[in-house]
Amino acid sequence: MRSTLSMRDRLTHWLPRLVLSPSLVAVFIGVYLFIAWTGWISLSSSKMVPKYDFVGLEQYIRLWATPRWETAVVNLFLFTVLFLAITIAIGLLIAILLDQRVRAEGFLRAVYLYPMALSFIVTGTAWKWILNPDLGVEKVVNDLGWSGFVFDWITRPDTAIYCVVIAAVWQSTGFAMAIFLAGLRGIDTSIIKAAQIEGAGLPRIYMSIIVPMLRPAFLSVIVLLSYISIKSFDLVLALTNAGPGNATEMPSTFMFSATFRRNQMGVGAASAMMMLMTVAAIIVPYLYSELRESRNEH
Amino acid sequence: MKLTTLLAASIAFIPAVAMAEEKGKVEGIHHWVSESEVNALKVITDKLATKGYIWQDSAVGGLSGANALQALRTRLAAGNPPTTMQFLGYEGLDWAKEGVLRSLNDLYVKNGWDKALAPQLLAFVKSDDDYISLPINMHRQNWVWANKAVFDKAGLAEPKSWDELIAAGPKLKEAGVIPLAIGDEPWQILEVFEAILVDVNGPDFYEKAVIDLDEGALSSEQMVDAFDKLRQVRGLVDDGFTGRDWAVATGMVASGKAAMQVMGDWAKGEFLAKGMKPGVDFLCFPTPTATPNYKFVIDAFGVFKSDDPVVVAGQDAWAESIMDPEVQTNFNKIKGSIPARSDVPVDDFDDCAKRSFADREAAVAGGAMLGGLTEGFAAQPQFSGVYSDVVAKFFVTDMSSKDAVQSLVDGINNAR
Amino acid sequence: MSTLEIDRVRKSYGIHEVLKEVSISIGTGDFLVLLGPSGCGKSTLLNMIAGLDSITGGEIRIAGKVVNDLSPKDRDIAMVFQSYALYPTMTVRQNIEFGMKIRGITPPERDKAVRTAADLLQMSHLLDRKPSQLSGGQRQRVAMGRAIVRQPKLFLFDEPLSNLDAKLRVDMRTEIKRLHARLGTTIVYVTHDQIEAMTLATRVAVMKDGVVQQLDEPQVVYDRPANVYVAKFVGSPSMNIIPGVLEVQGTVVSAVVDIAKRGSARISGVAVSPETARKYAGKRVLVGIRPENFSIAAGDIRPTLTVDVDVVEPTGPDTLVVFHCSGAEVTARLPPKQASAGREAALCVDTSKVVIFDADTENRID
Amino acid sequence: MNTEANSARRSHLLGRLFIYGSLLALAAFYLMPLWVMIVTSLKSLDEIYAGSFVGLPKAITFEAWEKAWGQACIGTACDGLRPYFINSLLMVIPAVILSTGIGAINGYILTKWRFPGSNFFFGMLLFGCFLPFQAVILPMAQLLGSLRLSGTIPGLVLVHTVYGISFTTLFFRNYFITIPDELTRAAQIDGAGFFRIFFSVMLPAALPIIVVSCIWQFTQIWNDFLFGVSFTAGQSSPITVALNNIVNVTMGRKQYNVDMAAAMIAAIPTLVVYIVAGRYFVRGLTAGAVKG
């Protein structure tokens, strides 16, 4: 029976796969083959240029014996938790406030959204000044008369990471806001009316009814923000250059300096693999749920 | 003049110009992007142009050359190296070991350049038996730059030891002046620390602890002392040092807001640009010590192996331009350093440079020529990186000197 | 000539079998309704006729030609979808013209076809609008217009009315009926609404779990359902199914049912053949009675059964009376104001319309 | 009754006050860096070195802007940002078009022409979104070298397209999944083939997500520094690399006003895109970029 298929029909049958195949090849090479290459290098003794020998897990042992890497891991954890929590909180707050039929919503939305358009190569210097106690906020407030005001986080190793969080929150809230706002607009307003008739106040309605309904938006925001935080590279370089005293080192900056500045390509590759595994630990379950969902749709 | 001769002359002239245009390009990666650096570089490239080659600029700034190194690495991985590349410290030697650099022995011998360089410098120019790079200059790293008016007002003279320098702190603070201007970048802090290390403990100790990475020296009491001194120096610094560029710190000294800065002689350009004169408006003196030493930093260019005769000829022209005595003189007047060649006359340099020349001669004779750790002239980057990690962390936290020494030892051993 | 023959067609996704050897055959001009609940396989079957789903086994023939391996566009069919599937970025005119454009029909001809279809469906004034500017009923018309201009051998409708509100649904139903009458094209129509099936079809195929339960004219399906499933699915309120026992006394066959607190009642004269009657004599059966086959016993006619009325639901023209019989809830459609809740009612049954089912297989016995 | 109405009005007023107060305070926070950049770029260098960083300029001058655009030196080349701006345009336009186009057709296949394994492929593709790019620079450089594309703008276009596909496919796939399959089926019955359905039916319906994809890709590619600094040299560098060279002067006197003007110039295209099309971005996100 199959033989009755005409050439054209057979082409139609294979066409989608054919059209998709260049992407498949590109992604296979650009992502998976290159990851495999990095994995290999992480098991080699490569220093300055790639060397294709095998030394087992030596580079990983060296990596975990490096205090800077430990700092980087702790920072990443601290940064991710704070960054996610604050960005989500502020993003949600702005979205809810904007959803109250305010004037000039378009303008305000643009204000909150524009940082996303800029790279930290562009805004890093401005933030450096704002956070610098001698030039920025502290000075301005002191000049206004509150001489006791101190805001010197960026100068102190134990607090500098919070400055990175501030700048990162600044850049990403717009995104969280946009997604939450989209979610809020999709919610049936009769739910709010129903709750009002039951006598619930607006804050309570949002806390116990609306916010839980935004669950899918939360999921999207969390995944995308985790991705931003793991990749935060420009941000740290531009703002603190991993200082003071490597206090704001992150895995991405560590990897960069190990590979390109310190001739420790093997260690750099090992750190890259650690980052990839972390990403996979977050992303794979998300992908799994996403894809299972779509299978159900069919 | 007859018309025909004019015509003949112009006809003869045209191919010459065309030839010059056709000779080729010299492409170089470097990380000189500031105004004075670029002006200095122009001295070389102008000379190159007279030899008929066009300079193609591939500057990559930032991260003390790390971006430039990354660019080189990817270019080499792609099999597309530039004609030439600026190297600091061991970089040139490391690349030479990978077999990508061209040996310049023929040029060195032909032109006698080998005799024109100080022996300590040769260690960075020669890989085994091959000359692999072309040094253009020599910076002295262990300078103190001071505001003369501030010093006079506080009744201070050039300090003879680090204790004296530290003791000047309270006086200066009383006068409302920040004693020492510095930024929190690890390399700025390391400059100070390595100066202390050699000034207090002597060149031999520096060689053991930094160049040989001898564990005994690394964990010794002298090392603890050096950290103790650095802790005292921390007391001379104001709180706004975060993210401060070294040039901003220099500006603070120039304006009298701060009294001193420990920095290489590239800082001199900042004073000169403001119209200040050495000895009159600002002071330059080596970091205080009982054992005089000279910490050098050189900028050198390596050239990459190529089968293309046009490229090779361009490299020859480039090498001759760099090593030209006149170029070395003019370049260094702008850059603030002194010529890499020891055989270039120095009479028309300023007082600071002259002092640098004199000290270099003394140091060469006395075996006190030392490579700067910060810029990669003393240890491989994975080790100097550990130094800068520990020192920077020590400087900005309350870490004890003993803990600092311990993490230094652990870090070096881990990187071995 | 546009017949449709579905010959032992099977469909499975992996081990999951969606259609099991379905055979349906209709003639030119027939209006076939595939009726069944969601998941019964009716839409899959339609998609297979259209060529949108592959056929696992068997053959489908349109106008006598096997179309198993023809692509949709070569099958000479047109289809109307539940969501109308109008191209959102095209105007109504462009929507209707799209298929003709692909087939390379010249602009004047296209224009003529659009005009004819628009007149037929009274939507000439909508031609330059976008689908988003149309109401549900208007979109439905456009979708039909798009199908009509194709002049296909076979029209396929996939639950075309289920997205409309009740009033509009009735109107469009009439519209489709009228269209069928005018064009005379063979139609296959999928729905889960038995009223649509009754009103529209010339042939109804009732489906369940990938199997055709009954294929016949709608009235036959209604009067003589093949099994309890069909009996309950077709008709509203659905046929009452009352457990009982078959009794044979000479030539008279009766069904005996229980009435709570009142003992048994005998429904005599059930239309069952003598052989069947002999076979089932004294056995348990299921007695099927449509609600409208009950009537009030008036005058001196002896009631078939006397019951206690549970609930009374007036619908206007009739009143639905609910009572219990053999443990089953039974609904009778009676004239208004003839019974009231909590009172007793004496009822007659039109025994010629009573249907008997096997208690185990639930199939009709004749 | 009256007092109740009064208090209700007062609490409403307080509520509005709270809403606008918070929104404006937050707006000030978000505008602060932009303010610093603009103000600084309009000051003279002397004024900045005299210690004025955050305040208004005493005298407005556009000198820094002119310098950043046309004269600032990168190495020995003193052409300002202009040539690099053009480089970036030459890179960003084809890369955005290519990655969006490929993403669109991928999304179309993955929703309307599913085949066994298409979901797995989608999962593989998605993981590419989350790849830390530093990890692939060296192998990518080797690949570009063997393709003879190293150091060129086409090479950068290729890299950005490859790593952009993941995101654009995600966008389009999630958007097309909301378009009923019946639409493609109707078109099939109308006789439209694979490409005809894509170009005549799907693509015109995908305008909102095309905008989202273009904005996203435009900002990502325009702002990219890592690939730019790794895969280009000198005259073929994109603007972020040039900006870095101007801003990150390692040794020398910093020209903060020129730095800021240069940063502003580098930011203008993305800012314009956001301001002009930001509305569509939010709308497009609602329409399916993010599954709600």
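Lettered A, B, C and D in written order, each chain numbered from 1.
As a working rule, contacts are C-beta pairs under 8 Å (C-beta built on N, C-alpha and C of every residue); 3 or more make two chains touch, one makes a residue touch a chain.
Remember, predicted model here, so these are calculated numbers, not experimental data.
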Heading the list of chain pairs by contact pairs is A-D
Per Cα centroids, the chain farthest from subunit A: C
At what distance in angstrom does the C-alpha mean of subunit D lie from that of subunit A? 15
When centres are defined as mean Cα positions, the distance from subunit B to subunit C in whole Å is 92
Take the average of all CA coordinates in subunit C, do the same for subunit D, and state the distance between these two points in whole angstrom. 56
Approximately how many whole Å separate the CA-defined centres of subunit B and subunit D? 38
Any chance you could list the residues of subunit A touching two or more other chains? 12, 50, 135, 256
Going by residue number, subunit C touches two or more other chains at 71
Using the touch definition from the top, which residues of subunit B touch two or more other chains? 63, 70, 73, 77
Subunit C contact footprint on subunit D (complex, rising order): 180, 182-183, 185-192, 196, 200-201, 204-205, 207
Parts of subunit A lying in touch with subunit B, wherever the complex brings them together: 47-50, 62, 65-68, 128, 132-135, 152, 154-158, 160, 237, 240-241, 243-247, 256-257, 260-264
The residues of subunit D that touch subunit B in their complex are 49, 73-78, 137-138, 141-142, 144-146, 150-151, 229-231, 233-235, 241, 244-254
Interface with subunit D, subunit A side, in the complex: residues 12, 15-17, 19-20, 22-24, 26-35, 37-38, 50, 90, 93-94, 97-98, 100, 102, 106, 108-119, 121-123, 125-127, 129-130, 135-136, 139-140, 170, 173-174, 178-179, 181-183, 185-186, 202, 216-217, 220, 227, 230-231, 233-234, 252, 255-256, 259, 269, 272-273, 275-276, 279-280, 282-284, 287-288, 290-291, 294-295, 297-298
Residue ranges of subunit B touching subunit A (in the complex, touch as defined): 63, 66, 69-70, 73, 76-77, 94-95, 98, 184-186, 189, 238-243, 380-382, 385, 389, 392-397, 407, 410-411, 414-415
